[in-house]
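What follows is chain A paired twice: with chain B in the first complex and chain C in the second.
Let's turn to the complex of A and B:
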C-alpha cells in the first residue's frame, strides 16, 4: 500500500464519441432483445435466452464486475421461481405482486447467504457459496409438502395477464415474450444504474484491488454484501420469469449444475461486459440445441468447449469482440 | 434408545467420516501445495468407484480393484495436470477452478457413455461380508475395515510428509516454490506428483465408498459438496483440519440420522455455517489467505 490514494483507480475514463454511444447501452440492448425472436430459429429459444440472460446478468454483477466467483447463483434463480409459483398457486397472489414478492424474499435469502459467504475470500468463497446453495437444494427437496420435492412445483398456470386494464393472452408465445422482455428491460436499466453509480465504481475497485479499496476508506465487506444481494435480486427475477413461462418449477433449477451452467454462460459470453450475459446465454442454449440433435451426450461437448474457452478465450465471445473493436479496454 | 445403539451409530459415523477424510484430504493437499481447487474432484471420486468395480470384476478380486484403481486414476490425474492445469499457473486463481469444472462435465458424461446412466451395485468383498461382535453390539465388518484402512493411509501419509526427504521438499515447495527451484529442485515434478496423489486419494475414497453407496455417474456431485464442506470447516490446505472436520461431519450426519433422519443431509451445511460465523478461515485454516 503506497500512501493515500489519488483515486485514479476508481475514475471512469472520459466519454469519447464511442463512449457516448455506449451511454445508451440499455436502449441498444433492449433493441436487440426486441428483434431477438426473429433472429433465432424459435420463439421458445428466444424466451429461454431472455430468462437465462437476466439470470446471468445478475450473476455477472457479482463475478464480472466485483470479481467474486460464486458457485451458488442457482439458489436465487430457484428461489425466484419457487416463491413466484408458491405465491400464485398456494396463496392466489396476483401474478405481478407474486413477482415483486418473490424478488423481495429472494433478496432476503441472498442477504442470509451473503452474510456468511462474504466473510470468506477467493476460492473459499466459491466453495462456501456452492455448499450453501446445495443446502437450499436439500431444503427444497425435504420440504416436499410446499415445494413438491423431487417432482417440482406444479399447480399454478398464468394464462391471462392484465396490463393496465388490457387483457393479454399469455399463452401466445409472442405476447409472452414481450411481457417477459419488459422484466428484462427493467433489469437492464437497473443494472446500468448500479454500474454508473458511485457504488458501481466501488465494486470495480474491489475487483481490481481489494486492499486498496479498503485503504481508500470504502467498506469492502458491506459493499460485497450489498452487491451479493443485488445480484441475487436480479437473478431471482429471471427465476420469476421462468416460473411464469413454464408454469412448473423443476427441482433441478436449484442444483449446483445450474450454478455451473450460469458460470459457463457468463464465461462464454464474456464477463465484465454489459451485453455479454445475453450473448453467453444464447450461445450456450443454441449449442445445447444443436448438439443434442445428434447426440444425447451433449454435455461432453459443452464441457470440452468450456475448457477450451477457459484456456484460450477467457474473455468470452462478446468480450473478445469488444476488445477487437477497442471498446472493451476503454470501458469494461 | 439404548447406549449400544448410539455407540454403533457413532462407529458408523466414523466409517462415513473416514471416507470423507480421504476424499477431502486429496482436495486440501492439492490446494495447499498448488493453490488449485479441483472442481473435478467429485467426478474423479466417481470414476475411482467405477474403476474399482471394473478392475475387481476383471481380476475377480476386490483387493486388486482397491489397489489398482487409485494408482491408475492417480496417473490419469497426473496426465490432467500435465496437459491442462499446468498451462494455468500464474493466471487468475479462478481459472483452474473453472477449467476443472468443465472437465467434470466431460468425465461424468464420458462415464455415462461407457457404463450407462443407471446405478450399478458394488458387491462387498466376501471376506468382509457380515457383522462383527464388538461385545456391545454387532458392527458391519466392511465399515470396520474402512476405518482401519483409512487410519493406516493417514499414518503413512503423515510419516512421509513429516519424516522423509520427499516430504521435506514438498512442504518447502508449498511455502516457497522459487527458492526450491533455485536450490535445484524441479518443482514442476513435485506439483505433478502432488496432483496425482490428490486424485489418487479421491479415487481411493470412491472405491471405499462403493459398497456403502450405490455407484452411479451422479455420485460425485454430492461428494464434491461434502468434500468442500469438510475442507471449509477444517481450513483449506490443512491436513489436520481435513481429518478432524471429516470425522466431525461423518459423526454429525449419522447421529442426526438417528434422531431426525430428514435433517441428516442438511446438518453438515449448518455445521459449516456456524464454523464460518465464528472462524471464517476454518478450524485449522491460516488467516489471511482465505478469510
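Let's turn to the complex of A and C:
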C-alpha cells in the first residue's frame, strides 16, 4: 500500500510477509475503504473521506510523485463537480455519462492550465496555478445563470441510480457509499497503473533531478503536462463524486482555501505514498468533525495538532507509519 | 514494490476480531437510540466565521425555546433536544452536517443556517429526504417555486419585505437615491428590493456601485457616491461589511450631504461600532428588544432570555432562532408528535405570537407573514442606557401585501 520506489531496480518485492501483502496495494486500499463507513462516526463523513481522498490522490500524483507544488487543484475538483451538476441538471444527461463527460471536460481544462503553468518552475509554477484557479472561481461566480453564482449549483438531485438494470436508492447512505467507492476504486487502480508504468518512473526521475531526466532523453516538458492532466482528471473525479453526494455544488469548492486544504491533507497523510492521501483526508476531516462537536474553538485545536504533525512527522502520518515498518527505507 | 520487514506481524484472526469488535462498539449507541423517545431538532449555524456573533445569539435563543417547552413537560411527554452543528458558513460543510443530522442523529426536523447560499444547500438535502426545514436566513430565493418543497418553511423576513418597509419610511417621490451594494446574492437581492420599492414610490436611482464581499476599504467608493449628489444612500451589505462601510462613509462626511439607509440594521454591528457612527442611520429589522413597551410577547421573550442568560438582552438575529424553533415546536405540539405530514399541516395552520405579534406561514410558499420594524439608530445623548440603541420609526403589521404574490414566485395558485 505504499508508493513504488524510485527506479524499477530498487522495487523488487520482498520475498515474504508484509511485503508480499503490500504488492496488492490497490486491493488492500479498497479493502480498507470498504470497511471505512463502519469505523467512522457517520456515513456522510466516510463519503467525504472517499471524495477528498480521490481529490488528494490526484494532487499527490502532481505534488508527491512529480514534485510540482500546485496551488490550484481546487479548479479541477470544482470543474468536475460543476460539469457533472450542469450536465445532469440542465441537459438531463444520465448520471454515469455525466461523470464521464465531466472528467473529460475537466481534463481539457487541466490541459489548458497545464500548457500555461508547466512552462514555469518552482514558486512561479505555484503562483500561476493559483492565479488561473482563481480565474476559474470568478468565472463560476459571474456566470450565475449557469452556475448559480454565490448560491451554488442546485436542482440536480440524483435519488435513484440504475446499476446493471438494478435500481438503487441513492439517498440511502450505505448504497451511496459503495456506489461512490467504485469510482474511488477505479481511481486507485488507474493511479497504480500509472505509477507502475515507465511513465511513473519518468515523473519520479523528474522530481529527483530534472536536469538529469532531461539528459537521459526524456521529454520533461511533455511529461509534466501529461501528469498535470492526469492529476486534474483524477481530482475532477472527486468533484463528480461530491456533486452526486451532496446534490449541490457550493461555490466554496473552487476557492483557493480548498486548494490549501488539499495541500494540507497531502502533507498530513504523507506525500509520495500510495494510500497517504486517504489517510490525510481522513485524519483532517475526522479531526474537524469530532473537535467541532466539542467546542466552537475547534480551529485552535486542529491548528495546534497540525503544527505538531508538521514539526514531528514531516513524512506525514502514513509515510511515518510505513517508515516504522521499515518499508519506506528502501527509498532514497 | 517496497520491501517489508517481517517483524511486527499481527495474526490475521486477531486483526479481524479486533476490527469487528470495534465496528460493533461504534454501532452500539445507534442501536440503543432506536427506543429513545426524544424529539431531536438539528440546528446548523455558522459558529465560526464572520457571522459567528449572530450565530451564537441564535443558538442561545433556540436553546431557550427548547428549554421552555421541556420545562412544561415536553411534547406529549417527549423531551426535545437541540443538536447544534457548526456549518462554518460553507454550503458544502452545511450540507454534510445536515446529512449527518438526518442519517446518523435521525433528527425530526432541521432549523437554522444564516447565509443565503448555506440555507439553500441545507434545503436541497432536507427536501430530497422529506425532512422539515425551517430556514432563518434572509432569502428571496427559497420561497420561489424552483427551490420550494412542502417541507420548506421560511421564518425569517425576506429582502423584499425589509427593503419595502425601509423605503416607505425614508423615500419620497422625486428623491435621488444612490446604492452601495455587496457583490453577492444578499446584496443583489436587497438592491432588487430597493429598486422595486423606489419605482413604486417614484424616487429615482442616480447610480449604483458594487463592492466585493468582505471589503475592508471603501474610500474609493465614497467620493464617487458623493459626486452623484443623492438625497439617500442605500448601503446593502451584511455583518462587518456594514460597520466598515458606514464608518468610512461618516469619515468622508457623507452624512452631511445625504441620509444613510440600510435594508437590515444589525444590533451587533451597532454595538461594535458605537452610537456616533450609526447616529441617524435607518434600517429594517425583525426584532428589537425595545418592542417590549408595545408588545406583550416581546416583554415575556425578553424576560425569559434575561433569566436564562444573566440579564443579557436578545438580539435581532437571535430572535430568529427563538421563533424558528418555537414555531416548529408549537406545530409539533398541535400535531401531537413528529409525524412529518401532520407537522406540515399544523405549521400551515399555525397562528403564533412568540416575539413581536401575530405571525403565520403563508400556504403557497411557506413564508412567515409577520411585522417588519423600521429602526433609527439613536444619538449618544438620547440613549437611556447601554442597550437603548434604536428608536422604532415604524412597526408595519404583517400582511400578504408585503410579499411578492404566489404566482410571481412561480407557484400554482
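Things worth noting here:
Note that in this section the second predicted complex is superposed on the first by the 291 of 332 C-alpha atoms of A that agree within 3 Å, B and C clash if a C-alpha of one lies under 4 Å from a C-alpha of the other, contacts with A are read in each partner's own complex, and residues count from 1 in each chain.
Heads up, the rule we're going with is that contacts are C-beta pairs under 8 Å (C-beta built on N, C-alpha and C of every residue); 3 or more make two chains touch, one makes a residue touch a chain.
Just so you know, these numbers come straight off a predicted model, no measurement behind them.
Within the superposed three-chain model, A:134 lies in touch with chain B and out of touch with chain C [touch as defined at top].
Once chain A of one complex is fitted onto chain A of the other, the partner contacts of A:175 are absent, as it touches neither chain B nor chain C.
When the shared chain is aligned, no partner comes close enough to touch A:320: not chain B, not chain C.
Of the two partner chains placed by superposition, only chain C is touched by A:242; chain B is not.
By the touch criterion stated above, A:209 is placed in contact with neither chain B nor chain C.
In the superposition on chain A, A:159 makes contact with chain C only, while chain B stays out of contact range.
Of the two partner chains, chain C is the only one touched by A:149; chain B is not. When both complexes are overlaid on chain A, the residue A:299 reaches chain B and chain C alike.
Annotation for chain A, partner touching more residues between chain B and chain C: C. Looking at the shared chain after the overlay, A:45 reaches chain C, while chain B stays out of its contact range.
According to the touch criterion, the shared surface of chain A, contacted by chain B in one complex and chain C in the other, consists of residues 299. Across the interface of their complex, chain A is touched by residues 1-9, 19, 22-23, 26-27, 47-48, 52, 56, 85-86, 88, 90-92, 95-97, 99-100, 103-104, 116-117, 120-121, 124-125, 128-129, 141, 146-147, 184-185 of chain C. Across the complex, chain C is touched by residues 2-5, 11-14, 16-23, 35, 38-39, 41-45, 48, 149-152, 154-155, 157, 159, 171, 173, 242, 246-248, 250-253, 292-293, 296, 298-299, 322, 325-331 of chain A.
The touching residues of chain B, counted against chain A in their complex, run 31, 37, 84, 87-88, 91, 93-95, 97-99, 101-106, 108-110, 112-113, 221, 224-225, 228-229, 231-232, 236, 262, 265-266, 269-270, 272-273, 276-277, 280-281, 289-291. Contacts from chain A toward chain B in the complex involve residues 69, 116-117, 119-124, 126-128, 130-132, 134-135, 138-139, 141-142, 255-257, 260, 263-264, 267, 297, 299-300, 302-304, 306-307, 310-311, 314.
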